[in-house]
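Residue numbering begins at 1 within each chain, and the chains themselves are lettered A, B, C, D and E in the order written.
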Amino acid sequence: TPSTTPDGKRIIVIGHAAPLTGTQAHIGKDNENGVRLAIADLNAKGFKIGDAPVHFELDSQDDQADPRMATTVAQKFVDDGVQAVIGHLNSGTTMPASRVYNSAGIVEISPSATTPRYTQQGFKNAFRVMANDIQQGRVLGEFAVDDLGAKQIAIIDDRTAYGQGLADEFEKAAKAAGGKIIVREYTSDKASDFTAILTKIKGEKPDLLFFGGMDGQGAPMAKQMQALGLKTQLLGGDGIHTAEFMKLAAQAADGVVASLPGRPLETLANGPAFKQRFETQYGKIQLYAPYSYDAMMILAQAMQRAGSTEPAKVQQELAKTDYNGVTSRIRFDAKGDLAQGAITVYRAQDGQWQVLKTIESQ
Amino acid sequence: MSLLSVRDLTVHYGGIEAVRGISLDVQAGELVSLIGANGAGKTSTMGALGGLLKAGGSLTYDGVNLARLPAHERVGRGLALVPEGRGIFAKLTVLENLQMGAYCRNDRGQIARDLADQLAQFPRLAERRGQLAGTLSGGEQQMLAIARALMSRPKLLLLDEPSMGLAPILVEQIFTLIQRIASEGVAVLLVEQNARQALEIAQRAYVMESGLITLSGEAKALAADPRVRAAYLGH
Amino acid sequence: MSGVKPRGLSRLSPAIMALATGRARWLLLALLVSAPFWTGALLGSYWVRILDYCLLYAILALGLNIVVGYAGLLDLGFIAFYAVGAYVFALLASPHWDLHWTPWLVLPLAAAVAAFVGAMLGAPTLRLRGDYLAIVTLGFGEIVRLFMNNLDRPINITNGPQGISGIDPLSIGSWRFDQGLELGVVNLVSAQLYFYVLLVLVVAAVVACRRLENSRIGRAWVAIREDEVAATAMGINTRNMKLLAFAMGASFGGIGGGLFASFQGFVSPESFTLMESVMVLCMVVLGGMGHIPGVLLGAFLLTITPEILREVISPLQQAAFGHQVVDPENLRMLLFGLSMILVMLYRPGGLWPSARRAKELEHD
Amino acid sequence: MDVLPQQLLNGLILGSIYALIALGYTLVYGILGLINFAHGEVVMIGAMVTISALSWLLGMHLPLSPVMLVAFSLLMAIPVCALLGMGIERFAYRPLRGAPRLAPLITAIGVSIVLQNVAMMIWGRQYIPFPAILPSEPIHIGSATFLPVQGVIIVLSAVLMGALLLLVHRTKLGRAMRAAAQSPSVARLMGVSVDRVVASAFVIGSVLAAVAGVMVSANYGQAHAYMGFMLGLKAFSAAVLGGIGNLAGAVVGGLLLGIIESLGAGYIGDLTGGFLGSQYQDVFAFLVLIIVLVFRPSGLLGERSADRP
Amino acid sequence: MTELLQLRGISKRFGGVQALKGMDLCIPEGTIYGVIGPNGAGKTTLFNIITGMYHADTGSRLLAGEPLPLTLKPYAIVERGIARTFQNIRLFHFMSALENIMVGCHRHARAGLFATLLNTRAARAEEASIRARAYELLDYVGLPRSAALRLANELSYGDQRRLEIARALATRPRLLALDEPAAGMNPTETEALRSLLTRIRNDGITVVLIEHDVKLMMSLCDRLAVLDFGELIAEGEPAAIRQDPRVIQAYLGGEA
């Protein structure tokens, strides 16, 4: 039996899990803040489910980007009776945790895990509001060849589930579009020196370099390209489309192209307002805060439509989502992936990500 | 007033009381021997004097209460200990070991002269000055330990079994050396298993047994004492 | 040394031992065997799961204790064997290659493969001492992890960073552990069932360790640890004995890895980082190196402390300040690190050192 | 295009960074026989403090050249790190002198965890950018290029090594350090205040860490609360490769490791006919490390053994 | 009298130091054989080569007529029946006296890994017999039973020396090599050591020992070898050695 607030509102606890310590903590916290803002918005509106006023509460846990911790946290959520979970951040943690949520029948919406296998497990309770690697990789591969005119392509990935997954899908799509992968190199998500592989790539003279990985590596990579006189176009996924990247790469960021699933925040009805409110409260958006904001919003609305927080009902309603969020219009396919999500490609210029093109993915 | 005055010294290892309240004195320039069977507590006594072991009782050296003086400050005041088992710095060369002996001194010229003296005294060490001390033979290490202690120009030299592991000629040489040092005004407290010679060169001596001093007096007299002769001189 | 000497617990430990031998032993045993029930009922499956991990880490720590605690070989790559066990299980009992061998065959196989790898990796390190050994074993640990992370091409063996999912749970015939077990009124869930499997294995490991400890093999290990030169001078073939220690330790790691894979249902290289090796080492040292009860205690405390902190920090801050003054997650790790320091400062020989170790401390 | 000169230069720069950090590791190890796992974190604190100081100085709009600004902020980082090093030694290591060998290893790990999280509380979870004020115009030699700051790193690691070698092998303090390392109790009998000597070793090690922190963050343009771990690990490997406790060994090991990594990443693919790639760069580096140690169990320049039966 | 150990042309060099130069030595079975010489003469080095701790640069050695290859590892040499003690005592400091001796029994025990893990009856019986033998040896060298369970480093110096001998005896050697066993002992204790060594010899174990106590060596040893600067300068019965002018000059000095 769920408890109530002093003023009689029913308390609904939502779990959130992401790495909140360690090297990815800034992105994890960003996710958390997205959910936080959504919950604040909902509570402020006097949200009701089945005519009963409710009060959302957040239970945010640190999974340390460690698969074992992730299952532990997942079990904790199940025990504590959270009504649904927004998370986890990484593919490697989302995968094992999803099993726990599935057997407990709790709804899980990941704002950022991109491995296709997450939704291929056949779990009815698993959703995500982020394009998966196949969707994003395809858009990027085609964009590289068709729009950026790349023929000789080099690829680096950081050997994480995210970076490798995205790079593999990019490779497939770029090849299919007629590009040639002339060199594929690797680094790690803890590295900061890429001069060796960049020098090698320089020797191969590609006309585009794709990087599958995060900003902490992408930014020094851009700088080192400049120092080595490697003038190839750098292209990346959502992992480097961050404010952090701009700040760290400074003038070396200029000209870098990166994608981000969804539509540009500015073009959406609620986008600018969201951005403004978020930034006054939590500082710059790192990366996925809008997605976790949307995730929370569609979750609340599914509960509202179901008139209940019973997982089975919420899950059914979630599948029927059609919602204009701050990232794009969100609908799900049968697996729980975004159906026909848009993906936008940006170019860094003078410290800003400027929209190049928004592509509808199938 | 004596240079070193020990009253009711006790040393514990966990629950074991190795030294059970002994008193002894060493006057300036005097050579005193301390003899006793294995495990009598001689090394423990020396450890306490050198500051390596915690001790009970009162220890006065040169008018200072030793309890207040950490081990490294005792050396600066002229109290040097050659520990049992040599305690050379294995990874330092012979020369560096000798220089460590003069750590507390600042008179560079004199140090250099003393160094030359020691090397002349122990030609084997001079030969091996660049060798890592840990690779020296047992006896060579013993020479090094003694030479090093002399480098500190002590007022009181505590020697724990200096002749251990030395060849007969060298044993002679060491005892002569000890005698010479004492005659130059350095007080020496000498622990030795080679009781006969220790008693020969000393002015006074103490006999230790199970943590207590059981006999003391003029060295000559003790050497003649039938109890000492039976227990320590092998007669 | 100037630290506080380990008096308290080492005096206490006979008392605890007496407890564990007297009538209270049965009480203790009953408490342990029923742990999943009352933990599940009072605290929930989350804590049952944590108990499972305590037992799992206990197996690992006992294994590492053979290498570090008995033979005195500082191994910073122990987690490699855990990884090997986990991947053996994952490959042979999952949809990845569509092999579904029975777990009861795969588990011993995992132990055997890990033992083999342990001996292989041990062989080149035999001449190395102390910290050189540490860095080489650390290197081996990383090499194993890197291979698991990269052996998805040119042919896909480990599935690379994506890891392997859908790993079979333990099963007996057609009944799988994840289905739970109905026993009249009580219903045992998967985590509770794994508890018993793990408990049996921990008991077996403890028995094995005790027998080794009091045998010529155990004595030879300790002799090598104390003085390798003297040990060879006593006719001990130090090479074989060291390899045996590596292999024995690794086999514990292998079993642990296999169980982890089946319990978790998913393995990826992220679970086998250097930090895991370091944590297992901390369990051994913090608990009391070379002393089985100490090692068990270490595994228990290091697994459970972060989780307890998870439970208490936020509420505590909330109660004290009305809001979160510092990030609870950072505070949690900070307190964890701090408690490691404090434990070592106050009990340099570990929380529950063996009598031998306790004496070693008194001698400095 | 021949990239070998550039690859060697890359390796040299990376190696110099490792060397700079490895010097601090090895110095402390040489004195205490202790793997100061927290050294990487001191490097991190050095980087963080410098960047904060630099931002503060930039905010004051002083009429100073960028190099001077960096030098001034380094001067602020040095006392902070020195104090930190002293504190770590005093509270986490000194009480454990003479305790079992692994006890201080555990406190070192504890100190690492504490420092990482304290840094995160102070400087936040984000990567902190190093203000882009240093000249970023690459210098060309032949077909290879490098940045001015990288030249400074190379020179600095050589100079610091020389200075430390002089200190440790030619001065009384250095001799006392080595003596205290081998046998604290006998060193006391020589009149050495072991506490003071050990503390000074930590202070020097931490000053080195501060310098390394500045150089690393200036070179990569960023700092992060967790940056110390990986750097520390690599530097420690380098120190071992060269023979831990040996200062020249730290530099040789660092340079070698850097060059191996660089060439490994650059050429494994070609060497194995494309079968293996740069994902095996670390495997390659560790393999070389292991092979070297198998044949030279006390590292490349490891000291002669003074052990004898 | 048969030769138990024969060394031919053994040389060993450490950097600039020629520690042994073409050393030939025969140790007859059933004797107490003494090795004396000035400090740094190469006595310990000789022992290290006999027991495999160092590999000689050149030369060969035979044990009871069988060749002992120079590269044999120390443990293999123990298997062949040579045991030793060390000049600087090398006990397992934090094992009890009894355990120290039990380690010495290692090579005669057979219990393998599986027997140990299964705790078979044979393994238990063997363990009991090792323990019994360790107690016997404790008595044999004259250590009190009360010392059995004390840690080795809590024993007094003399007792540690005796324990080291017991540990070496536990390997059931044919040849026992003792490096300065009387160092640090007073005359009374040295007497006790003398009777122990005689007893060991009488029990059929050949003893070779290094010692600087000339009185002891002259009266105890059946034969003596004198080393100086890595060379054998004299060899023979004590009475002859005592008179040898080279020995007097290099080693004995005024003492003789």
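We take it that contacts are C-beta pairs under 8 Å (C-beta built on N, C-alpha and C of every residue); 3 or more make two chains touch, one makes a residue touch a chain.
Just so it is clear, the model here is predicted, and its values are computed rather than measured.
**Q** Please give the intersection of the contact partners of chain A with those of chain D.
**A** Both-contact set = C.
**Q** Which chain pair shows the largest tally of C-beta contacts?
**A** By number of C-beta pairs in contact, the leading chain pair is C-D.
**Q** Starting from the Cα centroid of chain E, hunt down the chain whose centroid lies farthest away.
**A** Chain A.
**Q** Mind checking the centre-to-centre distance between chain C and chain E? Centres are C-alpha means, answer in whole Å.
**A** About 43 Å, centre to centre.
**Q** Nearest whole angstrom, what separates the Cα centre of chain C from the Cα centre of chain D?
**A** Once rounded, the distance between the two centres reads 31 Å.
**Q** How many angstrom between the C-alpha centroids of chain E and chain A?
**A** Chain centres of chain A and chain E, defined by C-alpha means, are spaced 73 Å apart.
**Q** Could you check chain A for residues that touch two or more other chains and list them?
**A** If we look for residues of chain A contacting two or more partner chains, we find 21, 25, 159, 186.
**Q** Multi-chain contacts in chain D: which residues touch at least two other chains?
**A** 117, 120, 279, 282, 307-309
**Q** Which positions in chain C are in touch with at least two other chains?
**A** Residue numbers touching two or more other chains: 149-150, 229, 233, 327, 330, 333, 357, 359-360, 363.
**Q** Provide the residue numbers of chain D that touch chain B in the complex, in ascending order.
**A** Interface residues on the chain D side: 172, 175-176, 178-179, 181-183, 185-194, 303-304, 306-308.
**Q** Taking the complex as given, what residues does chain C use to touch chain D?
**A** 1-3, 68, 74, 124-125, 127-132, 134-136, 138-140, 142-143, 146-147, 149-150, 154, 229, 233, 274, 278, 281-282, 285-286, 289, 326-327, 330-331, 333-334, 336-341, 344-345, 348-349, 357, 360-361, 364
**Q** Which of the residues in chain A come into contact with chain C in the complex?
**A** 20-21, 25, 61-62, 65-68, 71-72, 75-76, 78-80, 91-92, 95-96, 99, 103, 115, 117, 121, 159-161, 163-165, 186
**Q** Residues of chain E touching chain D in their complex?
**A** So the residues of chain E touching chain D come out as 44, 48, 53-54, 86, 90.
**Q** Please output the residues of chain B touching chain D within their complex, sorted ascending.
**A** Going by the criterion above, the answer is residues 50-52, 70-76, 80-81, 83, 87-92, 96, 99-101, 103-104, 132-135, 148, 152.
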